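Next, two complexes with subunit A in common: one pairs it with subunit B, the other with subunit C.
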Partner chain A sequence: MTPLQLLFLGVFGLAAIWFGWRVFRTKSMVRSALSLLAAMVALGGMFLALDAEFLGVLQIMMMAGEMSIMAFFMMMYMMDPGGMSSMNMTHQQRPAAAVGIGAGVLVLALALLTPWPPAQALAPSATQQNHDLGIELMTRSMMIFETAGTSILVAMIAAVATALAYPQQPD
Partner chain B sequence: MALTICLSIAAVLFGIGLYGVISQTNLVMIMMGVELMLAAAMLNLVAFWRLLHPHTYALQLFVLVVMTVMALEAAVGFALATQRFRSRGSVEVEEAADLKENA
Partner chain C sequence: MENPLTLLVVLLLFGGGVYALAVLEYWSVAGQLAWGRPARLVLHLLLKEEIRPRQSDTVLYETAPVLFLAAAALAAAVLPWSADAPLLGLATGALFVNAAFAYVMVAMLMGGWAVNGVYAMLGGWRFLGQLIAYSMPLVMALTATVMRAESMLPARIVTSQLELWNIVYQPIGFGLFYLAALALAFLPPFDFPVAAGELAGGVWAEFTGARLLLFRLGRLLLIMTLALTVTVFFLGGWQGPWLPGFAWTFLKTLLVAASFFGVGRYLPRLRYDQMLEWSWKYATPAALVNILWVGILLLL
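Now for the complex of A and B:
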């Protein structure tokens, strides 16, 4: 990895953490959806800095769509999507903070204390990556890829079936 | 060095996501926390692919699967929110005590 890549990795990483934190620290729900979008785009930037061009661009495009849909649902379902009144949207703050910090420290300790093998200096070129990923998708991992597609179909049917209005039963 | 940076950032993101899942009262905000945790997992996978096994494309495939899981989670979660909003008029988990037995 070049020093420039390391620099971008750190900058995008700090941006992802900052925006991830902002998601739960703002009163405005639309703003927190946009913060999550910014965190995901920063993550996509990290993927690009890690030479995973296809995944980085895919991440940015997918998350842009998903988070704008999320912002729409927020406006539909929230009592106070703009955060105009100072409604409290949180509960059990202290246990939540304790569990979050505890889990984060645990994962951090795992990441820092594990003796990782030495890092590989070179990654395949973007063209080579796309070619090899395509070969992987269509040969060894084909069943997994197909399963992912089928689960999308199942989730679509399940989502529509769940969201349908049903006639109210008289008590 | 790069691996340490990536794994540390992913650990912090995971912690923030877990905090959000536990502390938020709105279903959509809880889903945002889950998305953040899945994103941290994705960052770990990309870092492992690039820095440990750059020629094992099953890792990139795993990232694609996690991305699919994120989309599915959003779709099914919004469907549940829609049904909940239809029948009860709110998606606050504080008001979902009727899902509990004998409540």
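Now for the complex of A and C:
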């Protein structure tokens, strides 16, 4: 990794942490969702800095739609989506903090204690990466993705079915 | 980009094209070609008083117009004008174009929310709904062109059309992409987020002066970029006899953009629920059929 890559990796990493923190510093749901989007874009930037072009672009593309739709749903269901009346929307703060710290320690331990394989000196070319990812998706990881995809589809159909208003049946 | 002269020519053509689009846009509304009007309008908007809505969200208010312009410009950067002239040769070009277009929606949503106005907010959320209608046909039509080229490199997609342009090879995909492009640039008949006469300007209602100028310039840039995308992915890009490559790209792009405005001039605005219904019930399945069609052709 060149020093320039390392610099960009650091900058995007710090940006991701900063925006992640901003998510919880606002009472407006839309600001919160857009901060999360910025954090996700910074993660995409980290992928790009690591020469993982496809993953970076994919991350940046997918999150735009996902975070916006999430903002929309929060607008619909929250009692104070604009954060105008300073309503407190947090609850069970202590257990939440404990779980958060615990999960953080766990992730850190996993990252530090896993015997990672040695890093490759040179990342494969972007075209090669696209090819390899395609082969991976169509062979070893196929079952996982197909199962996940089918589950999501079933959930979507179920959600639509429950939301439909059926005409009243005569007794 | 090897040759700085080609780069200069391409940039000049792109800028000139955007100016021509501004003239065409006025033609599509008023029916006359006023060549000096865009320049006068730029001066007017730059000198106009800036009116800020009360209690607007400063960060989002300032970010939205810039992000809108940047998204359109970034998408244009990966599209090739001739065999040796993409500004940025990305191996994931086709995906990158989609990623950039997604942020058009984010910018509109931001702008709609930031100004603290009802019409603007409605316009912003409407565009999010519109995204759900146009994004699937858009992405799946692009996917089919990528399948044929076996590469996401836009230049490779152009060379895959040497024998037969994609508009003939996959006409369903072309039709879907064309309509989705109209919806993405919120041109009539899909101009719901700004909806003049209904939402009083929608997302743009509260923006004035230079920021409104950025939005309107960004929209023209977006239309130009979308027309360029249609040219590269479906109309054989730079291919054509006699003229140099970039001239063909320019002519095709301008023709596609003019047709965008032509459609808007003769069609009324759709009903919002009809657009969503038709998109999900007919356009998305048609996009899947298109992928199947291209797959069968590739295997034959």
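Rule of thumb we're sticking to: the second predicted complex is superposed on the first by the 141 of 171 C-alpha atoms of A that agree within 3 Å, B and C clash if a C-alpha of one lies under 4 Å from a C-alpha of the other, contacts with A are read in each partner's own complex, and residues count from 1 in each chain.
Here is the rule we use: contacts are C-beta pairs under 8 Å (C-beta built on N, C-alpha and C of every residue); 3 or more make two chains touch, one makes a residue touch a chain.
Everything quoted here is computed from the prediction, not taken from an experiment.
Upon superposition of the two complexes on subunit A, no clash is found between subunit B and subunit C, which fit side by side. In the overlay built on the shared chain, the residue A:Ala126 is in contact with subunit C alone; subunit B does not reach it.
When the two complexes are overlaid on their common chain A, residue A:Ile60 makes contact with subunit C while staying clear of subunit B. Once the two complexes are overlaid on the shared chain, A:Leu48 sits clear of subunit B and of subunit C alike.
Note on subunit A: of its two partners subunit C and subunit B, the one contacting more of its residues is B. Contact with both subunit B and subunit C is seen for A:Ile69 once the two complexes are overlaid on the shared chain. Of the two partner chains, subunit C is the only one touched by A:Val30; subunit B is not. In the superposition on chain A, A:Thr90 contacts subunit B only, with no contact to subunit C.
Measuring only between alpha carbons, the smallest separation of subunit B from subunit C in this overlay is 13 Å. Shared contact residues of subunit A, touching subunit B in one structure and subunit C in the other: 54, 58, 69, 129. Interface residues of subunit A facing subunit B in the complex, by the touch rule stated above, are 1, 5-6, 9-10, 13-14, 16-17, 20-21, 23-24, 29, 32-33, 36, 39-40, 43, 46-47, 50-52, 54-55, 58-59, 62, 66, 69-70, 73-74, 76-79, 89-93, 95-97, 99-101, 103-105, 107-108, 110-112, 116-117, 119-120, 122-124, 129, 132-133, 135-137, 140-141, 144-145, 148, 151-152, 155-156, 158-160, 162-165. Remark: subunit C residues 57, 60, 90-92, 95-96, 98-99, 102-103, 105-106, 109-110, 113, 125, 128, 131-132, 135, 151-153 touch subunit A in the complex. Across the complex, subunit C is touched by residues 28, 30-31, 34, 37, 53-54, 57-58, 60-61, 64-65, 68-69, 71-72, 75, 125-127, 129-130 of subunit A.
Those residues of subunit B that touch subunit A in the shared complex are 1-20, 22-29, 31-33, 35-36, 39, 42-43, 46-47, 49-55, 57-58, 60-61, 63-65, 67-68, 70-72, 74-76, 78-83, 85-86, 90-92, 94.
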